[in-house]
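Shared between the two complexes below is subunit A, which has subunit B as its partner in the first and subunit C in the second.
Take a look at the complex of A and B:
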């Protein structure tokens, strides 16, 4: 009896998600040109960083990073960043400010599921595009080839999915602070600025001053970008490093999940619709 | 001709007066945007400092030279935020909604009006902060620029504004063809980031791209070269030519694009 109703619940979830993702994908298809622009926007930062480090490393390896190692690292950053981006805070800000949250609250499914479906529908195709570009580049440019170790690739996929989940919940929960303040997106920008260094967006973490790295360890930042990238490029080697990274990812996922639930529960009660 | 100029001046003045009164209501935004600018400026300086942990020069520029360039970059970004984004950056929305009709019936040149209709005056603080940073870096290293250098900076900075403006006009004019491209300003934002560093700091392919295809090399590297005394007079003349060519080309594109406009809605 219990298993029958559980099976039914799973079927309903699957149907709801299929529909949400189909709708999101069709909307994205309408905005192909915009998506192409966001895709380019996403890769320019790693391209610029790679350009500068490439020139610096022309005179010899920088702390063990050769030109090729930088190229692999920043290709990894472009890929993982695309897969883990979080823009939901801006949507939530608009939903709350302009009253679009109203009809979302009347649905039998929490708005976060719509956001999750949006994320999957957008990130799966765009991340695939970057992956294809990377594979094509690797055909001509040996420097960007990562070691052929399918087990490592599998672990990288797991790390990327966990990273995407953490960054999503982090952005979503911070965005929900819009229930209380009009400057919730500024908090997201603040985190975005810090992540330049603490996530390894501007340079591999090992090139940062040791003090900064030891501070970064206590935040989720390294585990949402640097760790998955380094699993992929082969910088993470020992079992201890893997265990530490995945353990930290799971802990931060739990923390941001709890924070999301807390903010969502409290915020909903505070909410008064805008408009007439 | 003189008559038209005077006429335009009168119309624009009344728009700016309204604009100023409107902006005065948002004084809170001033502090928020100032804090934001200071934060991002700090991140940018830290990034440069990180590069210089591992090198002594970027494309032949030492740390303080790059800080001067960063100041120029911030000043130019302030011009973008103050004038371009609220003005011409709003064009795609106007084209899509048909609001451009209201612009075209006004008794001033449409491109001129669209470009200068709204000023986000608080962002002028970014221009001041940027120039102050450049000035601090120069004084700190004891290299007060001579009058000639300051003059060269003035001219090349004006060229930089012309080039950035032309890029915006061209990007935004595309919205007459591709209505869906509302976020083309994001494309500018991303690529303009590259102008944070001297163009010589990039490998050959990227350098070629930034000098000839997307001419952002002319926007920060050249004025900062004028301040740090590495600008050759011939290059300054080239810069003026590039600025004028960019303005001319974007004007041409604007006119071709405007001819495609057939309004929207009913």
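Take a look at the complex of A and C:
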């Protein structure tokens, strides 16, 4: 009896996700031109960073980073960033301010599931495109090849999924602050600015001043970009480095999950009658 | 009959930030914000039996939508409680949400870029409706709402009335026990309004659904609900039959006349109050109990081409009822 109802719950859950992802994917298809532009915009930053570091490294390796190592790093940044982006704060802000949260709150599914399905539907195809471009580039350009170590790739996938979950919950929980303030998205933009340095987006963390690196350690930023990229490109070598990185990811995931639950619960009580 | 909706002393008070106009006021509000308490809903109690249709009336900002949002679990009340479809709206969780639908005339749940059929599919999965139930309910809704091929066109290409019909279908696929409708006919043309009224009446009869609706269109109210709740400034002023309200508020009848010969205003005034005089037509107001006798006299004593006895327009009755709240 219990197993039958559990099986039914799993079936409903699977159907809900399938249909939410299908709808999100069909909507994305309507906006394919915009998505192509966002994708290009997303890779512009790592391409520019690579261009700068490429010319700096022309005179010789920078702190162990050769031109090839920079190329691998920024291909990794483009891929991981695409897989872990979070735009959810803007959506939630709109849902709350414009009253689109109302019908979502009367459905028998928490709105976060729609956001998760939306993320999967968008990121699966776009990240695949970047991966295909990388594989094609690697065919002609040996420098951007990552070590052929399938176990490492598996670990990189785990690190990327954890990173995506942390960034998602971070963006979603911050977006929920729209229950209290109309400027929740400004907080997200502030975090985005900080992550430029602290997550390794413009340079590998080891090249930044020691002060910056030591500050970064106290945030989740290095574990949502730098760590998965370095697992993928082969910079993370020792068991201790793996253990430290994954442990930090799990701790930050737990922290943001707890913050999400707290803000959600409090925000639901706080929710005012916006939108009629 | 068990109750589908019970509201017990529901109240909602908001803190609203007050600030003086201008830059000075904005800066002062930053440093020391002042809040004013707005009592949007005050101690509202009523109950609605399963299968009934009740209209919730009141001017803008009276507290109708706030009450609906509390009953659907969207807003937490400041005090008081409620039971809807046998559940507590705030702790009933998904079991509660399965039993209700909330349609907001000014907000839509249909996926804007995709045909309504896609929203139907999505709602089928979200509410866990079986494939066979989905097929039969969808067919019924398409038939009753005359949706035809609308459901295959992108929502953004549909007219407002077409969208509202699809919106109702999407909200009813899980066959909710209690249906909350906030201005379902807002901004629609007369034909679309009529289709929606007919549909809601038929749907309620067939499925025994309970309906609580707000509307500014009296035609919605008279067509769908025999009972009305009147709320103003957060206070429930009247709960009862629409006909009884009309009798109490406006104890008069209107006699509309078309005269075949010219009759002076003064002569007409002998029969009742002349509310309107534009020969050959005129309108007299007489006490309810005298309406029949006055009509008989008119027909006997004057050259009357046409005569009809009517209740005063419902809009006027409601306006007077709102006014009672203002004074009281």
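The rule is short, and it goes like this: the second predicted complex is superposed on the first by the 276 of 276 C-alpha atoms of A that agree within 3 Å, B and C clash if a C-alpha of one lies under 4 Å from a C-alpha of the other, contacts with A are read in each partner's own complex, and residues count from 1 in each chain.
What we mean here is this: a contact is a pair of C-beta atoms (placed from the backbone, for glycine too) under 8 Å apart; a residue touches a chain by one contact, two chains touch by 3 or more.
Here the structure is a predicted model, which means the values were calculated and not measured.
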Quiz item: Is A:33 touching the first partner subunit B, the second partner subunit C, both, or neither of them?
Solution: first
Self-check item: Which superposed partner A:56 touches (first subunit B, second subunit C, both, neither)
Solution: first
Practice problem: Could you say whether A:241 touches subunit B, subunit C, both of them, or neither, answering first, second, both or neither? | Solution: neither
Exercise. Return first, second, both or neither, reflecting whether A:44 touches subunit B, subunit C, both chains, or no partner chain.
Key: first
Practice problem: Figure out whether A:206 sits in contact with subunit B (first) or subunit C (second), or with both, or with neither. | Solution: neither
Quiz item: Touching A:91, do we find subunit B (first), subunit C (second), both, or neither?
Solution: neither
Quiz item: So, does A:108 touch the first partner subunit B, the second partner subunit C, both, or neither?
Solution: second
Practice problem: Overlap the subunit B and subunit C contact sets on subunit A and report the shared residues. | Solution: 30-31
Quiz item: What residues of subunit A sit close enough to touch subunit C in their complex?
Solution: 12, 15-16, 18-20, 22-23, 26-27, 30-31, 99-100, 102-103, 105-109, 268-269, 271-273, 275-276
Quiz item: Inside the complex, what are the residues of subunit C that reach subunit A?
Solution: 14, 40, 65-66, 69, 72-76, 93-95, 97-98, 100-102, 104, 106-109, 111, 113-114, 118-119, 121-122, 124-128, 182
Quiz item: Which of the residues in subunit B end up touching subunit A in this complex?
Solution: 32, 36, 39-40, 43, 46-47, 50-51, 53-55, 58-59, 178, 180-184, 186-187, 189-191, 193-194, 196-197, 201-203, 206
Exercise. Can you check the complex and tell me which residues of subunit A touch subunit B?
Key: 30-34, 37-38, 40-41, 44-45, 47-48, 51-56, 59, 62-63, 183, 186, 189-190, 193, 196-197, 202-203, 207-209
